[in-house]
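Chains here go by letter, A, B and C, matching the order in which they are written, and residues are numbered from 1 within each.
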Amino acid sequence: MLFDAGVILNNLDYLLWGRLGQGEPGGLLLTVLISLISGIASLALGVPMGLLAWSNPGLTRRLLFWWADLIRGIPLIFVIFWVYFLVPALLGGDVPGAMSVILALAWFTSAAVMHSTVAGLEALPKGQSEAALASGMSRLQTLRWVLLPQALRNLTPSFVGLFASLIKDTSLAFILNVPELTMVASQVNNRTQLYPAEIFLFTAALYFVLCGGLSWFGRRLTANRTA
Amino acid sequence: MSEDTSPIIEFRRVEKAFGPHPVIRGIDLSVKRGEVVVICGPSGSGKSTLIRLINRLESLSGGDILIEGKSTARLGASDLRRLRTSVGFVFQQFNLYPHLTAHENITLALDKVLKLSKAEADERASGLLARVGLGDKGNQYPAQLSGGQQQRVAIARTLATQPQILLFDEPTSALDPEMIGEVLAVIRQLAESGSTMLVVTHEMGFAREVADRVVFIDQGQILEDAPPSQFFGATKHPRARHFLKQLLSPLHADGE
Amino acid sequence: MQLDWSGILSGPPVEWLKTGVATTLAVTLAGSLLTVLLTLCLLTLRLSGHKASQALAAAVTELFRNTPLLVQILFWYFGAYNLLPLGLRHWINDDHPWATLPGNVPLLSPEFLASAWGLGLFTAVFVAEEIRAGLSAVSPGQSEAALSQGFTRWQTLRWVLLPQALANSFQPVIGQFLNLMKLSSLATAIGLWEITYQVRQIESYNSHALEAFAVGTAFYLAIGLVMGRGLQRLDPAKRRRPALSAAPATPVEVRDAV
């Protein structure tokens, strides 16, 4: 099988940044943008929920976990569709595809962030909170100054892993015709018809560099910690 | 029978290094059939490594170990396995298989390594469990047994392959004090039945009453090797004397 | 916001939904079987002790873990399928009544094959990694004990280490199979008539988006629940606990997690 790199080179700019010149970022650039925004949103949503669940075991934690299991019990594609169809129905007006994807990804990933946060807090030695409380700190202070800083530092590799998954999940934006990398690659394939292997292998390679690089970085962080 | 006096285990100028660190420095040691040898020494002295070399859990860096007169320095895979079925090893951490019952822990090797029939394996296992006082615990999993009981099952498991030589690596160090006695009792019974045993331990009472010889090893070398009466009563080497003092009266050891 | 359930619970939509559920179940089953097979292959490579096969397994793992499943499925369908011999492809495209599920679901179609293969391979990589992690959590004393008794390396793996590794990793492994079921929704991108495809079909047929998605969601949740419960029954750790009836011994030390 001859590998024709020509099709890649001819479409390289489109694959990498879409129609940026016309104000429509796409391709790899859009993938990275969506990932960053969703990632930050999922942290902003997930960590506080994790704190809530951890400090209020019992009904609150059960409700939050139940909600998280519900979200993760359906395919991510469905969550994207729900956001795309439900939000306009409830709030009126349309939601652009990219925004739906961002919201859906943030919502979906925040469930995992919440679980990780709870696990990270529980993994800390009991002596930490005992020492803080024994010196007169309130529960809130203990969380803010003693427990959370340690937990977040320990959780960084796990969050990096979640972020790598997030990047892969952005490929689902394909379903709403959002021009991120996978969608764009598919368009090129439909147009040129003759080079599917080259196109999708190249696309895979781009993701590989992005996600693989992140995973490697996350492993380095864990290694440094346990050293 | 001239065989009774020739050594069953013989260390000849044995050396072992982990990377650049020598742990065993030229050891010669001879053990006769039926002898019970207690090996003691400070931590890091190489005493565990010494017996782990016998069944090749560690490999030799130099010298040779002869078992029943045959060199074991360069054994092929199947010969090594045969050696291991005739040398039993009891670990400090018991290392029972947690996913199997006590009975199954014993029959596994009988089935897979010795290829005994199910009936033979079951009979042998039940007999051994009864011998260590756990005849009714065959169906229990290790997690349901106390530390002392687990170590006794481990001993029964080791006896299953009917080994010629028994090696014990600090068999009671991981036990709560009230269980040490039950395990030492089983080991004592084995000693009195004539098994050849090397026991690495800190239990000096056991050494005094059961051992034929006590060997003191420090920094990879044997510094004292004597019957208990002489070892405890008239210790020759100063480091051995210091060690005994630390062991037997820790609050008064320094300032000799 | 009015919801009209009759729009999707009668007429063509019902047939479409039936086909969708049957296809999702079929591709999940086929993918899962492939996963089991491929996991065995991967583990054999990983544990073989030969540097070359270990490197191959590691490379495959890294490759398939760090690329999106969607891209993989697109590759298998558009890129790799056409590499199959022409005769084989013609045979697959013929009608095969023995390979057709009720509801006119063809099992031998490029879409089904590419989806099942893509899902199976992707999941196998993750399952093999979970088992490998479970293996490294087994204490080294276990293999020392087995070797001391004269077991070969393979016997040690088979009877002592892998059973424990599987018990250690069972929960994450179940999670991976449930993931496979949910990820089957991606096959909609290549036109497999599974639940997601059919739901979108209904939506474009009579615009009953919310109703259709609600039904689709319910199906996925239900399948997930049943699969999850069923798989939990197979948990080796759960079967290992005989009812503690008469005299419970007091374990002094907490042993390795069973």
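Definition applied: a contact is a pair of C-beta atoms (placed from the backbone, for glycine too) under 8 Å apart; a residue touches a chain by one contact, two chains touch by 3 or more.
Note that the coordinates shown come from a computational prediction; the quantities given were computed from them, not determined experimentally.
K.L.:
So which chain ends up closest to the centre of the protein, judged by Cα positions averaged per chain?
P.N.:
C
K.L.:
With chain centres set to the mean of the C-alpha atoms, which chain is at the far end from chain C?
P.N.:
Following the centroid criterion, the farthest chain would be B.
K.L.:
Between chain B and chain C, tell me the centre distance in angstrom, where each centre is the average of that chain's C-alpha atoms.
P.N.:
47
K.L.:
As a quick test, compute the distance in whole Å between the mean CA positions of chain A and chain B.
P.N.:
Here chain A and chain B have centroids separated by 54 Å.
K.L.:
Quick one: report the Å distance separating chain A from chain C, using the average Cα coordinate of each chain.
P.N.:
Measuring from centre to centre gives 22 Å for this pair.
K.L.:
Within the complex, which stretch of chain B touches chain C?
P.N.:
Within the complex, chain B touches chain C at residues 55, 57, 77, 81-82, 84-85, 87-89, 91, 93, 95-99, 108-109, 112-113, 137, 139-149, 157-158, 161, 174-176, 179.
K.L.:
Mind pulling up the chain A residues that touch chain C in the complex?
P.N.:
1, 70, 73-78, 81-82, 85-86, 89-90, 164, 168-172, 174-175, 182, 185-186, 189, 196-197, 199-201, 203-204, 207-208, 211-212, 215
K.L.:
In their complex, what parts of chain C are in touch with chain B?
P.N.:
Touch residues, chain C against chain B: 139, 141-142, 144-152, 155, 159-160, 163-164, 167, 236, 240-242, 244, 248-253, 255-256, 258.
K.L.:
Show which residues of chain C lie in contact with chain A when the two form their complex.
P.N.:
Interface residues on chain C, with respect to chain A: 1, 62-63, 65-72, 74-75, 78-80, 82-83, 182-186, 188-189, 196, 199-200, 209-210, 213, 216-217, 220-221, 224-225.
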